[in-house]
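The two complexes that follow have subunit A in common; it is paired with subunit B in the first and with subunit C in the second.
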Partner chain A sequence: MDIGSISTKGVVLDETNHVLADHYLLTQGDPIGATRRLLRELQAQLPAHTHIHAIGTTGSARRLVGAMLGATAIKNEITAHAVGTLSRHPDVRTILEIGGQDSKIILIRGGIVADYAMNTLCAAGTGAFLSAQAGRLGLTVEEMGPVALTSTTPARIAARCTVFAESDLIHKAQGGHRLEDLVAGLVSAVAENYLANVGKGKAITPPIVFQGGVSRNQGVVAAFEHELGCEILTDPAGHLMGAIGAAHLATDSGRLDTPFQFDLAEDAYQTHTNPCTLCPNHCEIVYFYRENICLDHWGNRCNRGGAEGRN
Partner chain B sequence: MTTIGIPRALGYHRYGTLWETFFDELDIPFLVSPETNQAIQSQGVRHTVDESCLPLKLYMGHAAHLLDKCDALFVPRLERLGPRDEFCVRFWGLPDTVSATFQKAQLLTYELNSGLPGTHERAFLKLGRTLGKHPITTARAYARAQARQREVDFHRFSYARAELQATAPRILLAANPYITYDPYLGGTVARLIAHLGGVPIFTDAWNRTQCRAQAREISTDLYWTLNREMMGAVHQARSQVDGILLLTAFPCGSDCLANELILRRVNDVPVIQILLDEHQSHEGLTTRIESFMDMLEGRRRIG
Partner chain C sequence: MKQPRVISFPHMADYAVPLELLFGRLFPHAEIRPAPPITKETAVLGARHSPDFICEPFKYNMGNFIEGLEAGADTLFQTGTGCRYGYYGELQEQILTDLGYDFQFICLNRDGVRPRQVYNTLRTLGSPLTLPRMAGAFAVAVESIRAKDKLADYVRRHGGGNGLEDIYNKFLQALLIADSVPKIFTLMRAHLKQMQDTSQTQPAPPLRVGIVGDLYTVMEPFSNYDLERKLAKRGVSISRRMSVTFLLFGPPNRRTLRQAEGYLRYPVGANGLDSVAQSVSYAKQGFDGVIHAKAFGCTPELNAVPALMNLSRDCDMPILHLSFDTHLSPAGFETRLEAFLDMIEMRRQQRHADTCKSRDGHRFHLHQRRGTR
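Coming up: the complex of A and B.
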């Protein structure tokens, strides 16, 4: 499972690492609900009596969903994406990844992560930025790619900062630039911004695989090919790489004691936030319950305060 | 008897022992603000303009915390150690910033500004005079305070030497001391590294004079003392650690320049830069540190 800020992805792999089932849906700010909907979909795709022996989670809600499903591996996105991509493109040297709120570059040498960079904590130039601008132009995110490809004279737009880009975009729109030129300007700004920030100083050598939600935007793919002057591979399963990587990591980390039951997701899950009062930090400790039993808690800066207010 | 309040921020993380011992030796009661916490940060954010850097915001939070608990705030003006050795302008203007922010606050200060040898001692003799102490008493107190600070520094240096022998991944946490030793900033990162099985080693644990000289190996032009010391430590440690984590607080002008130089010129060891701000969630931080450690582990496996 790859539970990202914007979308939630899941795959089921068999012993030979073939994808038996996969699904993609929007998280909509509810990772638990998204996981539940996703598991229903995966179960429907699988033959009856399929045994799930290990579960891996990645993405920004990896800990929450990891606790929910009793995952055997809970890993960060860099590692999961590298492992997932290597399983399908063993010769890859550069992975470009732009997701909902993160963007990263991973350099692979000799089958391992040799170097990587990630955006700072600011989400400029990521999927969240594109979907906000799509909304402003009255388009859906999916429509942006095809529209961008029709432009011959892209507008120049600065994507360094969402706020600056928005004012640039408004000024250009009010100045009479055509819709396709604005969209093409936006997508090439995303690519340029990525290469100037995340990709700065990195040796970007082919084969290059571009993935993450934004890789489904053909406009951004074309902008990268233009900037880098070489072919950019996009995998039809590019959006699933994190999930595939998590599955591989789960396989390596051992088996669940008892096979996973899909209806586990149908239980009542609740989170409860309790500001700790033991010191002036007032850490917001999140307690996570299944059927009123606390599975896990997090958010505390120290070890004190964790057990308080559990049940 | 008046009590002096010492904010546990900025210069304290470099000269704390010196200051505390000095006041102790002169029998002057003092109070150091507690370690940074959420309440102090919120107070600091309230008392500073938006564009201030996070460490200055925290300083104001510490000052605000001390206001009604002491008679005077101890706010030194640290300008320069040598002709080409300057502190950042936040340190230069600190007494002014504090008195403009808290207009009723009584300030006790000393100035480190000539850049000539013996400046520090002369500044403290003057401080002693302000406090109504005899110059000989003050000179003795300063000598003891300085010796104690040296001892503490030396202890930190030898501790770091021992940590360099560790077999677990050794991460050089490269940052200004007021970030490194603030449990709310560097402390959070160091704890995460240790929690993930790594050994955090601080750049503030190398001989400072040597560091300032060694910084030339990376940049000959930089003149900010703290950044030069950090850079010199990076140069001396680069062959002895598995990875370097550049930690900076938003928005820091001198770090921006110094870290960029390190990122461009230190290519023999993996370097990651992490930017801290008023964020309350640790998820982004955890992801970045965990993936960095995973990469180092992968590189070690391959050899």
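Coming up: the complex of A and C.
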């Protein structure tokens, strides 16, 4: 399972690492609900009596969903994406990834992560930015790529910061630039911004795989090919790489004691936020319950606050 | 009869202990009340009364001062030398005065850290000590800082587990009532011995990570989200040269420049040069990685970043750059740190496999690390 800020992805792999089932849906700010919907879909795709022996979670809700499903591996997105991509592209040297909120670059040398970088304090030029601008221009995110490719004279849009890019876009639109030129300007701004910030100082060498939700946008792919002057590979399963990686990591980390039951997700899950009162730091401790039994808690800086508030 | 003076000062790591020791001796009739421990409340309070784009330590100091004043302090202490830190005192005194607090402000930087001036200032504030006795008090404080740093370094290198941290905390307790250089020395030796007896030899050599960066962020665990403890939990052996001992007795820039040769030709302000020179030395020693931690907006450390990137490329040693700000979400920080540790662990395993294949004994030799010969 890869539970990201925007979308939730899940795959089921068999012993030979073939994908038996996969699904993609929007998280909509509710990781538990998204997980539940996703599991229903996966179960429907699988033959009856399939046994799940290990579960891995990644993405920003990895801890929450990991606790929910009793995952055997809970891993960060970088490791998961590297492992997932390597399983399908063993010779990859550079992974470009632009998701809903994060963007990252992973350099692979000799089959392992040799270096990586992630966007720092802000989310400029990620999927969330593109979808907001698509809405402003009256397009859906899916339409942006094809529209961008029809442009011959892209508008120059400053890409350094989302807020500035947005005002730049408005000025250009009000100045009479055509829609396809605006969209083409926007997608190359995303590529340039990525290379200038996340990719700064990194040796980007082919084979290059581009993934994450934004890799579905052919306009951005074309902009990267133009900037880097080499072919960019996109995988039809590019959006599933994190989930595939998590599955591999789960397989390596051992088996569940008892096979996973899909209806586990149908139980009542609750979170309860309790500001700890033991010191003025007032850590916001989140307690996570299944059927009123506390599964896990997090958010405390020291060990003292942990036990309080359980049940 | 006048009320006794109540002296307060901001926190940085656990240096409150030697400072309490020092002020207790300088002002025997005053009450020493270090600011309440840093909490989220401190950060919010400090940020509210600080310029928006000032570096983060300023905000923590500010929060400490306000909480100290609210707890009854009437005399505040600030050091401040080096970079923008030199202006902290001036600005903080002004802001606190504007907020309507009534207090006296001791700012070491104003006396240019010259003994005679410092002596005069302290006498004006009511210290009864003569110059030689004052020098003696400073000597005890310096010795306690050295002892503290030495033990803290041992704990870091050995991963903090096996109850090492408990021994260290016991040492800090004992330090509070030590009153002479020989006593502190004996105390340090005894606790160091205890630590050596406790820490067993580890089966596999642990991952080695060096920490460099701006002095406050690397030292104050609250501001770096407990970076060192998180590393210790994964059994990483940490080396960090930055400490108050380093600030007091560190090598001169001339020598540091030679160490950073090929990466920096001039000092870049505050400890930027030190960060580069230390990273070069970590690379030469074959460390698995370096973490560069800085406050968001720290100019000297920002200057060091390009040099560190070149070093990372030349020596094939990963460097993780972290910028800390009161707005940074701990989730993003944890993801980056976890990925970094996964990466250096995988690199270590691969290197180990290569070494076994080629029987190349020089595991920690800079230029032979990667390939099979």
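Here is the rule we use: the second predicted complex is superposed on the first by the 311 of 311 C-alpha atoms of A that agree within 3 Å, B and C clash if a C-alpha of one lies under 4 Å from a C-alpha of the other, contacts with A are read in each partner's own complex, and residues count from 1 in each chain.
Basically, contacts are C-beta pairs under 8 Å (C-beta built on N, C-alpha and C of every residue); 3 or more make two chains touch, one makes a residue touch a chain.
This one's a predicted model, so the numbers in the text were calculated from it and none came from an experiment.
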**Request:** Check subunit A with both subunit B and subunit C modelled on it and let me know: fit or clash.
**Result:** clash
**Asked** After lining up the shared chain so the two structures overlap, which partner does A:44 touch, if you call subunit B first and subunit C second: first, second, both or neither?
**Response** neither
**Message:** Quick check on the superposed pair: does A:203 touch subunit B, subunit C, both, or neither? Answer first, second, both or neither.
**Reply:** second
**Request:** Based on the superposed arrangement, let me know which partner A:281 touches: subunit B (first), subunit C (second), both, or neither?
**Result:** both
**Asked** Now for A:114: first (subunit B), second (subunit C), both, or neither, which partner does it touch?
**Response** both
**Request:** Scan A:230 for contacts with subunit B and subunit C and give back first, second, both or neither.
**Result:** neither
**Message:** Can you give me the overlap between the subunit B contact set and the subunit C contact set on subunit A?
**Reply:** 60, 75-79, 110, 112-116, 118, 120-121, 201, 279-283, 301
**Prompt:** In their complex, what parts of subunit A are in touch with subunit C?
**Reply:** 60, 75-79, 110-116, 118, 120-121, 201, 203, 279-283, 301
**Request:** Show which residues of subunit B lie in contact with subunit A when the two form their complex.
**Result:** 34, 37-40, 188, 263-264, 270, 272-275, 277, 279-280, 282-284, 286-288, 290-291, 294-295, 298-299, 301-302
**Item:** Complex interface listing, subunit A residues touching subunit B
**Value:** 60, 75-79, 102, 110, 112-118, 120-121, 201, 279-284, 299, 301
**Complete:** Per the touch rule, the subunit C residues reaching subunit A in their complex are 36-37, 39-42, 226, 296, 306, 309, 312-313, 316, 318, 323, 325, 327-328, 331-332, 334-336, 338-340, 342-343, 346-347, 350
